[in-house]
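Some structures are shown below for you to check.
Here chain A shows up in two complexes: once beside chain B, once beside chain C.
Moving on, here comes the complex of A and B:
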């Protein structure tokens, strides 16, 4: 039996959809069977980021309202085997779905797939509750800024209240240079406040935007810092022990660039 | 850790510079230099009070001191308070153990201490309240989180959110935290809002109401 993991944050724009797309793809690349669910009803975009927009025929709303079977609503990824997308309805609103209905979908899917990842909408209202309703675990995505962390903290409290105790952190858009200059909170400062386990750190990577626009998740661009980070996180999700690199690794890169610019 | 000659305290009405009476102007200026230069946040533009007992500093000395603070640190001296021996300044007067031992031995409120232990971090949006006594938190209180107690509040972690001790008016209540960097502290009806962005000091601190009806924060040594 698989695991249902909600990917959530409280604040919008911190990288939930990016993380869902990349972790889903990465897990499928290391031979796990995966469904990613867009729970951002009304503002769906996981299909766009995955480059599957044109293939979406049915959505979770159609499943709930029994217009089609769950299996039939799943869209197969174009690039990797065993990766499916369940899209969100664009026409509906977040409170058109009830937590029990999401739960039912998740229950069914985890019988067949290793991982069910749910891309949660921002906020703490109905949409968030629906997204979290069927989850066994949670991944909190935050950027290293005070307001995102405050919202993440709020969400952690709500998840714990709901009985979800396995909550891990993905720290996104960390910029080693900014941290070094004291202009951005570092990993440890964030962990100090949120006090949950760190699943991984994804650096600020301009490749993310390009990949989002092309509809090809970044993990397909082997070697980019963001892709490497998501691959490591996916491996940790499968239970592999992979150390979280300290920032020197990235500093090394920055130093190298520095060296080049000094020797031009 | 504490500078023996001058202390800087944030009270309800702003910053206070508390001066040991038994020193000369030169020593005071040197001590101020050491204290303020060692701080991790600039105070420029802040207004400040000077608190002291009747002291050897002449009024000319005091003028010089004001000029020194203004010229070197851009501080605005908003008042000079001289406390005589009886009517003591809260900091100079009250021993750190004062209000706690009082509350522990105060048994004319028999079932007051129906206290509560909370074994988790209080996160943003969460409130813990103990309206029958004191509360001990085995964790942090994060920004946006709130703890309310009829008695004392003890945080065995970082207090970064809001704490309101003595909600029913017991002014001998105290707030103690391993790291005291709150957004707001309240004891009874008194409030204290530390400067924004204050860094943890690296030692536990205690907040309580001093003789001047203001919340005093200082290093917590022992009960």
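Moving on, here comes the complex of A and C:
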């Protein structure tokens, strides 16, 4: 029996979809069977980030309204074995799905797959509740800034109220240089405030933009700092004990520039 | 030229963020207004002041998450030279 994990944040634009795409791909690369579900009905994006938009025929709405079987609605990834996508409907609205319907889909999928990852929409309305309805666990994605952390805190409270007690944090887009200069909150400060377990830290990596442009998740670019961070997180999700390394600063030139701007 | 500014560093923006968040989240978690928070803080200080000598404005309150519940923390500085009244 697999695990259903909702990937959520409250605030938009902090990297939920990017994290879902990369963690799903990374888990499949280490030989787990994975389904990633786009729960952002009406504003779907996971298919685009995965580069699978041209292969989507059916959506979760077709499954719910019994126009096709669940198996038939799953889109196979182009690059990795045992990685499937269940797309969201682009025509319908978030209120067109009920939490029980999402729950039913998740129940069925976790009988067959090791991991079911749900990409939650931003916000705390119906769409978020639907995304979290079938989840056993949650991953909170946040960036180290005041508004994202405030929203993350609100979401943690809502998830706990729903009875989800395994909630882990992915701290995204951390810039080691800014942390060192004292212009960005570091992982210890964020953890002290949110007080949940840290699953991993993903450094700011400009490679994400190119990877989204191409529709190829970053974890395929071996050696990039972001890809390595996501691979480590995926391994931790399978129960491996991998320490969280101290972040390396970007490079000498970036440091030099920073030194100048600091001493201006 | 402002020589004083050359030698005193501005306080780091990350620690300002941390302090602001602690206050914001305490209010969010309590679901109370800033006024009520201040009132609670003031009354708590009044009670404590009956027994200890300390500065009125030094009490800091926060609500910390512990698993699935919250713990209210009220910190007030107390040194050995202070005495119980």
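Criterion: the second predicted complex is superposed on the first by the 247 of 264 C-alpha atoms of A that agree within 3 Å, B and C clash if a C-alpha of one lies under 4 Å from a C-alpha of the other, contacts with A are read in each partner's own complex, and residues count from 1 in each chain.
The working rule: a contact is a pair of C-beta atoms (placed from the backbone, for glycine too) under 8 Å apart; a residue touches a chain by one contact, two chains touch by 3 or more.
Just so it is clear, the structure is predicted and the values come from calculations on it, not from any experiment.
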Chain C versus chain B on the shared chain A, clash or fit after superposition: clash
Contacts of A:195 with chain B and chain C, given as first, second, both or neither: both
Which superposed partner A:54 touches (first chain B, second chain C, both, neither): neither
First (chain B), second (chain C), both or neither touched by A:156: both
Touching partner for A:186 - first (chain B), second (chain C), both, neither: second
Partner chain(s) touched by A:213 [first = chain B, second = chain C, both, neither]: neither
Of chain B and chain C, the chain that contacts the larger number of chain A residues: C
Region of chain B that runs into chain C when the structures are aligned on their shared chain, from 19-27, 73-81 or 199-207: 199-207
Contact residues of chain A, present in both the chain B and the chain C interface: 146, 150, 153-154, 156-157, 160, 192-193, 195
Residue ranges of chain A touching chain B (in the complex, touch as defined): 124, 146, 150-151, 153-154, 156-158, 160, 192-193, 195
Complex contact set, residues of chain A against chain C: 145-146, 149-150, 153-154, 156-157, 160, 165, 179, 181-186, 189, 192-196
Sites on chain C touched by chain A in the complex: 12-15, 17-18, 20-22, 24-25, 28-29, 64-68
Sites on chain B touched by chain A in the complex: 120-121, 123-126, 139-140, 142-145, 158, 160
